[in-house]
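Presented below is the structure to which this report refers.
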Amino acid sequence: MIVNKVLPRFFSHICDVPLSATDAAGVLYFGRLFDLCHSAYEAALRAGAKPLRAYLTGEIILPIVRCEAQFKQPIYCSDSLRIDLSLGDLKDSSFQIHYHLYGVTGGDLLCAIAMTHHVCIDRHSRQRSSLPPELVAMLTASI
Amino acid sequence: MIVNKVLPRFFSHICDVPLSATDAAGVLYFGRLFDLCHSAYEAALRAGAKPLRAYLTGEIILPIVRCEAQFKQPIYCSDSLRIDLSLGDLKDSSFQIHYHLYGVTGGDLLCAIAMTHHVCIDRHSRQRSSLPPELVAMLTASI
Amino acid sequence: MIVNKVLPRFFSHICDVPLSATDAAGVLYFGRLFDLCHSAYEAALRAGAKPLRAYLTGEIILPIVRCEAQFKQPIYCSDSLRIDLSLGDLKDSSFQIHYHLYGVTGGDLLCAIAMTHHVCIDRHSRQRSSLPPELVAMLTASI
Amino acid sequence: MIVNKVLPRFFSHICDVPLSATDAAGVLYFGRLFDLCHSAYEAALRAGAKPLRAYLTGEIILPIVRCEAQFKQPIYCSDSLRIDLSLGDLKDSSFQIHYHLYGVTGGDLLCAIAMTHHVCIDRHSRQRSSLPPELVAMLTASI
């Protein structure tokens, strides 16, 4: 389950919360948290492995089979967030990423945490496949 | 351009505005109007031609090359809308759909109008292709 | 955590997966699962309590503080899903809803499960508040 | 209507197309183009006027009453786009923004154009109101 302690991060991403991610309750729509986290993961891939598009058409696919989030503080339109990515469970054909989202205006405030669990599948055989080495390198780096 | 007069409709679809389509201004996020319209188009395809999924993998593709919308009344979370679809320009390899969105609580109130312009392309040659007959039949029906 | 056994449901909702909920991997974008679940919850509120909009402007608010999902089968554009809602933990000022999503074409196939955890807060004092009775009635009904 | 010639821009914004903005046809979901454009507008506001959140709670509101888009080239997940914003019609209580979206990998390629038309309304009287001066200054700057 979601870990509250701050793990060593392998990537950090800054984003502003767009109007399109909010809802009529006046805050972030809960499901859009995953869009923000996944965009941070895509930025990590671009910087440290390959752009996501390469994985959409390659030999292996990396579907998300589980995800979780906890909301600790309201997140508003135009808030600047820093999303720290850290590695959770890592196995031969799967990995988990933990996301810690901090409001960065006036000191770091932990607003939300999230987790995505990815498995690596051979596109053709549909069997589990080992994670590609550049992805393992990205996940096990630290900053 | 968008036509304000009410054309004969070929399909009508009822939907409730979900929280996920609203934004922190308290109303429908303008870009989500197209999601509502496209879902109505998908319901029309399912009822009168083939489910959209069939067109995602078939010989022809139907990309949208232009779209427009006008907003006339605020649209709120939980509003019940009726979306009337009518045919605009129809050519051998393209068509336009006009959408009239009415709030249906307490008498019809025109809230927004929209338009999508689709072209028909052969998936392999990338050349213009004639619209499939079941699609023309759906577009030229009237209710 | 997410419960795999099928609990007694208090509501059931049918929906078709729209193109707008899919991504370039060809299946449902994982974060959109929560949009589908929340729309089913909104349909339950409309049928058994009050439309969600009433709760957006009333004395209490019902923010989601935690959510989870597990994906068991790929979900495609135009798939027809049945979403069964059942009650998880129920306390004086919080509740959990479990969602079981079944593909309904050719026999029920469990595609995904999800959970949302809501707390009830007084809008003005920001303190925990008892759940409104019509909501408790809705959650504890069974069909 | 949408202008094809390149107007002097007042702001330019770089973004990468996230998976969440694509659909199962393998390209950008047409309605998400407006999310990308609006995020660029929000970045312009932040840099040259006030963050959008200030306008969500202030004396005036700036609803979009019309929008349009034309798609010229397919836009894929992980594409890097430059969005140039230029001023269209400017009146005492309304303005239009034109968006030119260029793929920036291997030379600028115009992928899409869009337009949003905003009106300025007094929140309380619901009457037209003059645009705030910092917004006019932002719109009439050039880079």
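First chain written, first letter: the chains are A, B, C and D, and each begins at residue 1.
Note that in this section a residue touches a chain if its C-beta (ideal position, glycine included) is under 8 Å from a C-beta of that chain, and two chains touch if they have at least 3 such contacts.
Bear in mind the structure is a predicted one, so any value in this text is a computation, not a measurement.
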{"item": "Maximum centroid distance from chain C, chain identifier (CA atoms)", "value": "D"}
{"item": "Selected interface, B-C versus B-D, where C-beta contact pairs are more numerous", "value": "B-D"}
{"item": "Length of the line joining the C-alpha centres of chain B and chain C, rounded to whole Å", "value": "27"}
{"item": "Centroid spacing, where centroids are CA-atom means, of chain A and chain B in whole angstrom", "value": "34"}
{"item": "Chain centre separation in whole Å, for chain D relative to chain B (CA means)", "value": "23"}
{"item": "Shared-contact residues (touching 2 or more other chains) in chain C", "value": "19-20, 24-25, 27, 31, 35, 38, 53, 56, 76-77"}
{"item": "Chain contact graph, described as a line, ring, star, complete graph or other shape", "value": "complete"}
{"item": "Chain B-facing residues of chain A, complex", "value": "19-20, 22-27, 29, 31, 76-77"}
{"item": "Residue numbers on chain A that touch chain D, as the complex places them", "value": "16, 18-20, 35, 38-39, 42-43, 46, 51-54, 56, 76-79"}
{"item": "Chain B-touching residues of chain D, taken from the complex the two chains share", "value": "1, 24-25, 27, 30-35, 38, 53, 56, 61, 63-71, 74, 116"}
